[in-house]
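Have a look at these structures, which come just after this line.
Each of the two complexes below includes subunit A, the first together with subunit B, the second together with subunit C.
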Partner chain A sequence: MSYAQKAERRVERRRGWSLARRDALFGYLFISPQVLGFLVFVVGPIVAVFVFSLSERNLLTGQSTFVGLENYAWMFTADPVFRKVLVNSLVFTAGLVPLNIVLALVLALLLSRRRPGVTLFRTLFFAPVVTSAVAWAIVWRFMLQNESGTINQLLQLAGIDGPNWLREENWAMASVIVTRVLKNVGLNMIIYLAAIQGIPREYGDAARVDGANGWHVLRHVTIPMLAPTTLLITIITIVGSMQVFDHILLMTGGGPANATMVLVYYIYQQGFEFFATGYASSLSVILFIVTLGLTLAHWLLRGRER
Partner chain B sequence: MRRIKAFLLTLALLLVTAGTALAQGETLRFSIWSGNQAHLDMLNGFAESFRETHPGVQVQLDVIPFADYVQKVTLQLAGGNPPDIGWLAEASAPTFIEAGVLADVSGALEGDSEYDFQDFSQSALGLWQQGDVLYGIPFSNSPLIVYYNADMFEAAGMETPDVLAERGEWTWEKFREVANATAEATPDGVYGYEQSDGEGYGSRVWIAITPMLRAFGSDAWNDQGECLLDSPESVEAMTLYHDMIFEDESIVPPGERADFFSGNSAITITQLSRTAQLQGAGFDWGIAPLPSGPAGQVAIVGQAALVVFKNAPNRDLAIEFAKHITSQENVATMAQFFPPARRSVLESDAFLQSNAIVSPEDMQIIADGIINGSVVPSHPNFPRIDASARPIFDQLWRPNADVGSVLGQVCDTISPLLASD
Partner chain C sequence: MSSLSANRRLGAVLWFASLLLLALPFVFPFWWMITSSLKSASEVFAFPPTILPETWQWRNFVDVFGYQPFARQYFNSLYIAALVTAGTILVSSLAGYAFARIRFPASSLIFLLLLSALMMPSEVTIVPNFFFMTFLGWVNTHIPLIVLPIFGANGVVGTFLMRQFFLSLPGEIEEAAMIDGLGRFGIFWRIALPIARPALGALAIISFLFSWNLFLEPLVFINDLELFTLPLALNNFTDNYGLPIWHLQLAATTLSVLPVLVVYIIAQRQVVESFAMSGVKG
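Our next item is the complex of A and B:
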């Protein structure tokens, strides 16, 4: 091998290194702050929760004993509150999600046309989304009082004796669902509005030429065209409803008689009221698995649509 | 070159500033749950006088709202960044003592004749003492007292609780009668009796029911960890309570608000510190002892103590500061807000005169309450006991509840928690 050949090879090697490797190096350097933050503040805690969930830990004393899967065994076989909490979370989700989506769709359809005052109503329905969740819950708590509450006083005018909304078990769940829907429906409404305005008018016009009435257009054109949006909204609303906490804390504190005790509230109670961070971590793992499952379902369904 | 010079200059300045800060001495972090300006001024005054003997020591007051207090302090402890010194309420005492996070303060206090540790009432120390070890110095020893709205009593044509108490007629039966009469003589939405801070069905349920339980000769549980809520005496007391809520409708019912201090209830039962809310009240009011029952006169004390955290960065200094705050002189200053645990202060005329809007006669009721009183029930498992009992108590707050059966269920649920430490 001549000297020239050797030199050429060396240059080639260095070039090969420098092009691919240097680009990669720079790329990694650029994303490193984000990745580092993600590792420290997201992946770290998630891994820690899995590890903690295998131990019995007390936040106050700082003691920790490895107990294997005992927390999970207790959760599914012995903890009477956990079963109730799961059922409550399902009831909350099953009540909130359809109500939210139907209401959001109806509002979006009503507000999608250019009519006088439409901007005002869009603003009105969206306003609760940007309102403080704390203020929203506290004001509703006052409005839902038994005798002196606004709602029952209005019902009284119509001759109806309203229930003690937040203190009766069945009504308490209904009350937190409805007030939560009213708080967040504006967001889904806006997403639907954008999707509706993205549907080409020609489709509806073509259907009308073929003799379709307004209902037919809605049923066979608009709603099918909105399917991807509906799927997205359904998943984010379900995931959001699994994570409800502040609303419950402020309106009912999980009561009466645990009727509104949902999963995240129970995690909070175990971890920060009883200081049982091990058990709270295993409950969080369950929440993580449920949420992950829902997200995976969304991915798969979206993939099939494409 | 210029940049380097500027950098070096900044660095030098930083070092000098840091140096001065260090030279100024340590900072004690002091957690409290009152943001009341008068309380803060008083505590800052103690910090000021502490500097006379400990130059340069700064005291930083961390105000945490009562509802979040235990949780936030626990998180600070868990995070390895505890406050040096703090307030702690009686309900949390066993939990914190058991957890081993509090420092023993006895050594610094007992040998000092000027401090005179023997002056503290033995009954007030009970909750904070284990053998020779002392985990807290009670600074507030505040009995539950009856506040009444004198205008409403006059409108209802009823004698006031203090007058009835003087004649020995202030019983729970009488309480029911006057609550009913005042509720009827006032407009809708105004009630005869509001429980402690309007939280009688929530966070203060134990405070709300204990005066009745004890007057009837029972309690929530006893020192042996036996649940007493299903005893015949308890059921009798709670039935009376239930009837007042749902038959007479004289007690603020669940889900309603009718604040005594804004003139919407005729009676409430709470502590001296709430007097601050009566500054400039638009009605005449007075103070009376708790009603008596079949078991006679009872007095119930709510306590708070100064504690030093075992892993505090400035633990020894914090103990010195706790000692300073609870000196005889400073306890006398605090007495206007926090009834003292020191007998010398409690028995002094100065204590009876200490609060500008409470008469010496009324302060005497408070002094008597402290001397005869015992603290509300507590237990190392209290957070769990409270949380498991409350959903069952919720079933009691219904018009057609079977009082005996619900109380039996409460006992079934909390007995295992009471038995285990």
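Our next item is the complex of A and C:
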């Protein structure tokens, strides 16, 4: 019997039932830190947030009374701020997502060629992604101040009287959207770049032989080929836009007059500034449901892609 | 022929010019942060703005440490991020390996449960976690800032990433190791982990930055100035009216951003790939 055959038989013997069981034990052992921690710090709190949402609960005293669905009733029928928060969140998402995706695509298309300087530009556009949101917001807040802000000073040099970016309702929303896009668009650019590089060159070449110009190739070959990527990026970016908090807290504080108050900020404000943790929990449930819906959509699209 | 090459050259010039223009709002904030951090309190607001400081006020970078315990806060961020990174690597590589290479009942079900939280924002659980941490006596300590990222969203991304990597591991390597008499843990520790170095590097990068940039959790759990992490500290350079002391705030921000940028520029390719691999942030 050769060594190889001997070894094979040894492996065969080891694959017996008891070994499989011992191996399974190792499996559970290996996943146990992650799974236990996940149950304790994520699943448990998610269950708790549903329970808390049925109560009135003070953050400081911890006192709570069961109120049933009253929080939700108040939220949907009476709370004027919640309505504003919903509209703001929608406006924020509806403004951020298309801008982010179009800019990401433009940058990726410009940077998909092999030219000197491509790496440098890629580095520049991605730099804000690794920078903390707090730092990014602080610098932009500094530059967008009313009269002494850099942007308005530059505009003034050009003879334009700039608005008070962060203190006028519509401008405040536009400002947080645009600066947030600048912060994160590099990530989507990278995902698009990888997808563009995966498109076979021949497709474009064939279209060109048939007389298509650059615009036609882009419109009828490249963009349709990128559709699955675009769908995934869209979902991921929507989820991300629903989570925006630090950026808005630092730039506008949710103001002026709640004009930039979005869902996560409202959760924080209700829970940790007004100490109404029961109501904050009901708001968290809404965030949970929205995110879960988007996650499911993400999975369905992923599945279709495969 | 010559008009074609002239066309091409014009195209290249246009290409470069449009990228330069697009890059402006991405680069200018960094430039302005650094130059303004070297200006005096009044020159920060000078009109017309000065491209470079008229007097280079290096003192700002000293004053930053006198205004609040900034060195201590800097150290807090560093050691917390280091512990989060080490903890995530340990927990996620163990779990990722098991999900990819070991057969055990309900493994795919458990993995699916973990995955469903992949995009769940930590804001959803911040209220119950606050009561939980109060109960454990962990409020106003660094423990939540270390534990929550390891087991929460960041840890789940890590487990997912490591599982993906270990799935591509050829089975023959493990069989050979088994014949050599290595047990499961030996295979994991001596064979799988050393091979996984690229994935571990990516995980380390995203975990470190995740912790370094964390804001909501420190805001909710930390009260003492001495225990602040950098994002909280940066937001705290304010005068008695709560208005920012700009030159100091920008100097502190520069100090917190610059090391990350330097590492990013040195290891650019790896950092970008790490983010692309984890690709769940928006």
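Everything below uses one rule, namely that the second predicted complex is superposed on the first by the 275 of 306 C-alpha atoms of A that agree within 3 Å, B and C clash if a C-alpha of one lies under 4 Å from a C-alpha of the other, contacts with A are read in each partner's own complex, and residues count from 1 in each chain.
Here is the rule we go by: a contact is a pair of C-beta atoms (placed from the backbone, for glycine too) under 8 Å apart; a residue touches a chain by one contact, two chains touch by 3 or more.
Predicted model, so just to flag it, every value in this text is computed and none were measured.
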{"item": "First (subunit B), second (subunit C), both or neither touched by A:G62", "value": "both"}
{"item": "Touched partner set for A:T291, first subunit B, second subunit C, both or neither", "value": "second"}
{"item": "Which of subunit B and subunit C A:T237 touches, first, second, both or neither", "value": "second"}
{"item": "Contacts of A:S148 with subunit B and subunit C, given as first, second, both or neither", "value": "both"}
{"item": "Partner contacting more residues of subunit A (subunit B vs subunit C)", "value": "C"}
{"item": "First (subunit B), second (subunit C), both or neither touched by A:A73", "value": "neither"}
{"item": "First, second, both or neither for A:G255, with subunit B first and subunit C second", "value": "first"}
{"item": "First (subunit B), second (subunit C), both or neither touched by A:I46", "value": "second"}
{"item": "Partner chain in contact with A:F272 - subunit B first, subunit C second, else both or neither", "value": "both"}
{"item": "Subunit A residues contacted in one complex by subunit B, in the other by subunit C", "value": "59, 62, 142, 148, 272"}
{"item": "Complex contacts: residues of subunit A adjacent to subunit C", "value": "7, 10-11, 14, 20, 23-31, 33-35, 37-38, 40-46, 48-49, 52, 59, 62, 106-107, 110-111, 113, 115, 117, 119, 121-136, 138-143, 148, 150, 153-154, 156-157, 182, 184, 186-187, 190-191, 194, 236-243, 245-246, 249-250, 264, 267-268, 271-272, 277, 280-281, 284, 287-288, 291-292, 294-295, 298"}
{"item": "Contact set on subunit C toward subunit A in their complex", "value": "12, 15-16, 18-19, 22-23, 25-27, 29-30, 32-33, 36, 45, 47-49, 90-92, 94-95, 97-99, 102-105, 107, 110, 113-114, 116-121, 123-132, 134, 147-148, 150-152, 155-156, 159, 175, 178-179, 184-185, 188, 209, 212-213, 215-216, 219-220, 230-231, 234-235, 244, 246, 249-250, 253, 256-257, 260-261, 264-265, 268, 271-272, 275-276, 279-282"}
{"item": "Of all residues in subunit A, those that touch subunit B in their complex", "value": "58-62, 142, 145-148, 164-167, 253-258, 269, 272-275"}
{"item": "List of subunit B residues in touch with subunit A within their complex", "value": "71, 74-75, 77-78, 95-96, 98-101, 188-189, 202, 253-257, 383-384, 387, 390-392, 394-395, 397"}
